[in-house]
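Look at the two complexes coming up: chain A is in both, with chain B in one and chain C in the other.
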Partner chain A sequence: MQNETIKILLADDDSDDRLFFQEAFEEIKIKTIVQTVKDGVELMSYLKSSDQLPHILFLDLNMPRKSGMDCLKEIRRIDRLKDMAIAIYSTSSTEDDIEETFVQGANVYIKKPSDFLVLKKLLSQVISINWQYHSSGLNKSNFMLSL
Partner chain B sequence: MKLYLKYDTINLCRTILQEQLERLGINYTLEGIGELEIKEATTEEQLAMLTEALRHYGIEIVEAQKSIIVQKIKDTITEMVYHNDELPALKISSYLADKLNMRYTYLASLFSAVTYTSIENFIILQKIERAKQLITTDELTFTEIAWKLNYSSVAHFSTQFKNATGLTPTAFQRIIQKRRDKNDEENR
Partner chain C sequence: MNFKAIFNSTVFLKSVFALALIILVFISSFSYFHTLSFTNTSKWVFHSYRVSMELEQLESHIKDAEARQRGFNLTNDSVFVQGYFQALNKVNNSLAKLDRLVAGRLQQRNNLDSLRKLVALRIDLLKNAIEETPEEPLESNKVNLYQLLGKNMMDRIHLHIRSMLFLETVYLKEHEKKYNDQISFAPWLTFLLLFFSLIIFVAAYLKINRNLHILKKANKRLVIISESFQQAEEIGNFSSWQWDLDSKEMIFSDNHYRLLGCRPQSFEPSIENFIDFVHPEDKHVLIEKRDKIISGKQLSAPAFFRIIKKNGDLRYFKSVGKVLTDIQGKKMFIGINRDVTIQYLRSRALEERNHELEQSNKELASFNHIASHDLQEPLRKIQTFISRIAEKEDASLSEKGKEYFLRIQSAATRMRVLIDDLLLFSRSNKAEKNFELQDLNLVLENVKIELAVPIEERKALVYSEELPVLSVIPFQMQQLFVNLISNSLKYGQQDRPPVIHIYCKIIIASEEAVLKSESYKKFYKITVSDNGIGFEKEHAENIFVLFHRLHHLTEYSGTGIGLAICKKIVENHNGYIFAEAELNVGASFIIYLPK
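Our next item is the complex of A and B:
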């Protein structure tokens, strides 16, 4: 049970950010598998066709073709995806913007840090709390975390 | 004189298991090779004695023991937070050690190894989850919730809520309300 691998998906159009993200997880002690997609359109077709859903999706808000906010709204209307946690992973925005993502069904909001060590710490915190919701039967609709 | 022996290890192990389990009064069924199902009424003490007794024969309980202990810790904490109107007067570490009949330092290190979080963090998480649940039912004020969950003041409660979630209790309440309004609109 404790050795289950945590499946993570990142949707981000910035290739440097994708690389940092993957490297951060390589150094975290929790066993994870990270996959990435480049934009919202690719994300939605991945989610609709895959039978292996991620435990948690990290979602950039500013992406070409289809924005993170549009993806968030669409995902939360799909019943099959309702157990998947969604972490918004974005450059800083106003308190109101952050609150709006929670209202639309996001579980986590992370402001992208510029420091790699901070990124590692934040991601490890998110994964560990998400794991608690997953393994301890907590009410996911009350899962909100702003970092 | 030299004698030559032939023995059936599977049968041997089954016999040892049966003898020891019966001696300890544990209700069990033997499944396939190397699998043992124990009925729920088994106490931690019985499990600990079984572990000890089997070790003598070189038989080790591999996986279940740790998961069971972690689950018991979680259950004890959850019950404490959800079902006791007053949290125990003992320190939580002594309470858990008493209840599970094991040293707290052992419980703490086992818990971290299996769950990637500490017992202290798990308690905070559960208390905050309970607080969220109470906030969403709209029946109690923040002051009443703080009191119910054994915080020294509403300020202390708000601080811990903010530290754990990044949101103030007020912001959390507002988000829940907006989500409800949004759902009502969509269902209209």
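Our next item is the complex of A and C:
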């Protein structure tokens, strides 16, 4: 995986967060292509029209027009998309949100950190996950990613 | 059913009475028939005497006639003829009498018939003797023949009468025996009758007396109950009323009038008179209920209505009742009215308060959302930008700029702590409470693991007694111990390591002065005690108030939320928390959790 370029897609309505996200990947020494969409509606039309699916989708929960939770549910119902790795990327870390996204089939949950260094570490951890292995042994204790 | 109950039952008493009556009737009728047969017997005895007497007389009359005839034959004097006819008459009379007397007895009648024939023969003979006499005295041999014949016939008559007399004696003896038997039995019968009647009388008297005693006692109790019920009505602000659905007669209790502000029994009890006091808007409620009662239906729900008292006061009433049917099938409605004004107003105030609380809970929830998301979002970005500047632009800042930047950094960090603590506090407020049985010793172990780093840093010692297994909200219990122990670590003395003791024992509420309770409810008293800097006694209460701090930020960091959370958690578990302390000696936090 290290040798090929990893395609990353972020759905987040907050421009600051999109900026941190992109800058973080620029500083990580792994070849990546980062694309961003501004909300759930844009995300779904991108996924449906695009030929090449991203390797990992980072999904914010609180977005206008269509929430991250709704997108998650829809993606898991579409055959072509249902095996895509999805990382929840949210400010919230309430039990309810974590529980619900886990049940709906998200692969990992990241709480947006308030330190750029922490962000970089978390993101590089996510893209170095062996998804096949991670998904088969997924449980509630390793679902929430932290340092 | 035990023996006594059977003895006192109506059916039993009735059957005993019926049995006694049957026995009395039996003995009386027996006695009656006995007397009847006794009278009969004595009649027969008398009858036998009369028959015997008459027979004797008959014989003597015949002899008399014979003597006259003989006298005539000897003297030829006509006086004798006259006497002879008189005697003959008497003989006939006697026979006629005997005829009547023996009418009922076949054997004696047959005997009498033969006797009559014998007598007739004898009289014929006498007649012949007299008729032949007048011309000349009879020849002596002819007289002798007559006499011989007469004597012979007389002997036969005599024998016949004897046999009849004998038969009568046999009858007499028979009846006399019966008579004697009966006369000896009669006093026994009378005695038995008397004795039995006496027993029944005495038993009836005892029973009546006893019942009267019971009745008196019951009556006395009834009076007491009625009195206490009246008092209960006055104290409890309720009243009772009865309505006989057959006679339409109604009874209101005294308090029924008082509740309406009237003197007891000051107006005629009737539904209509009562409805006069009902608030105009509520009259239909009672009219509906009244019609339902009249049609004999049971009332399903209590009635609520307003009453305007005689003095114009507005009161709220609640009324319940039901139709009772007695053994005779008579229907009666029994109702209870209650003045529920105080309760009603209280519950209305409570409802309003509840509504306010719901409102403020909603506000709290929206605050929770603001704190958790909207406030965190910009702060997180500020902190992230701060970390970007610290990493990349630090070198280009002046010394002054660097110092300001550090202050910005620490202010942002403090804001983060505040928001996190506030979130914890609002989480401890959350309505949904999932209680689980939890071993508090395990909870404490987890807390020690969570606080392992600061405990290690301060070289603190934590001792604890055996803690109970309780039904608690697990994460809140953990939070409680984390807050209390980190407080003890934070406010330790500079010169010695913190020593924290956790004690636990079972107490009774009324024995703990601080609980201000009279109840015998049992509580676990868990004390977390340290050797830290303590605080002055006057702060013991307000340290639990939100944002209340005893120290400056420069001395000790803190948000003033931790103990408020502790109080909230303990209250969520229906417990109490208190603080005791002495400045520079140490502080103790005492938690009471219901057993």
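We adopt the following convention: the second predicted complex is superposed on the first by the 127 of 147 C-alpha atoms of A that agree within 3 Å, B and C clash if a C-alpha of one lies under 4 Å from a C-alpha of the other, contacts with A are read in each partner's own complex, and residues count from 1 in each chain.
FYI, a residue touches a chain if its C-beta (ideal position, glycine included) is under 8 Å from a C-beta of that chain, and two chains touch if they have at least 3 such contacts.
Here the structure is a predicted model, which means the values were calculated and not measured.
Participant: In this superposed model, does chain C or chain B come into contact with more residues of chain A?
Facilitator: It is B that touches the greater number of chain A residues.
Participant: Thinking of the overlay built on chain A, is A:F116 touched by chain B (first), by chain C (second), by both, or by neither?
Facilitator: After superposing on A, A:F116 lies in contact with chain C but is clear of chain B.
Participant: Tell me the contact category for A:T94 with respect to chain B and chain C: first, second, both or neither.
Facilitator: Touch status of A:T94: second partner only.
Participant: Applying the document's definition of touch, where does A:N62 land relative to chain B and chain C: first, second, both, or neither?
Facilitator: Second partner only.
Participant: Once bound in the complex, which stretches of chain C touch chain A?
Facilitator: Against chain A, the touching part of chain C is residues 372-373, 376-377, 379-381, 383-384, 387-388, 391, 416.
Participant: Show me the residue ranges of chain A that touch chain B in the complex, using the header's touch definition.
Facilitator: Listed in rising order, the residues of chain A that touch chain B are 1-2, 29-30, 99, 102-105, 109, 127-129, 131-132, 135-136, 138-139, 142, 144-147.
Participant: Going by the contact rule at the top, pick out the chain B residues touching chain A in the complex.
Facilitator: Against chain A, the touching part of chain B is residues 66-67, 74, 78, 113-117, 122, 125, 129, 132-133, 136, 165-167, 171-172, 174-176, 178-179, 182.
Participant: Going by the contact rule at the top, pick out the chain A residues touching chain C in the complex.
Facilitator: It is residues 14, 16-17, 20, 23, 62, 91-92, 94, 112-117, 119 of chain A that touch chain C.
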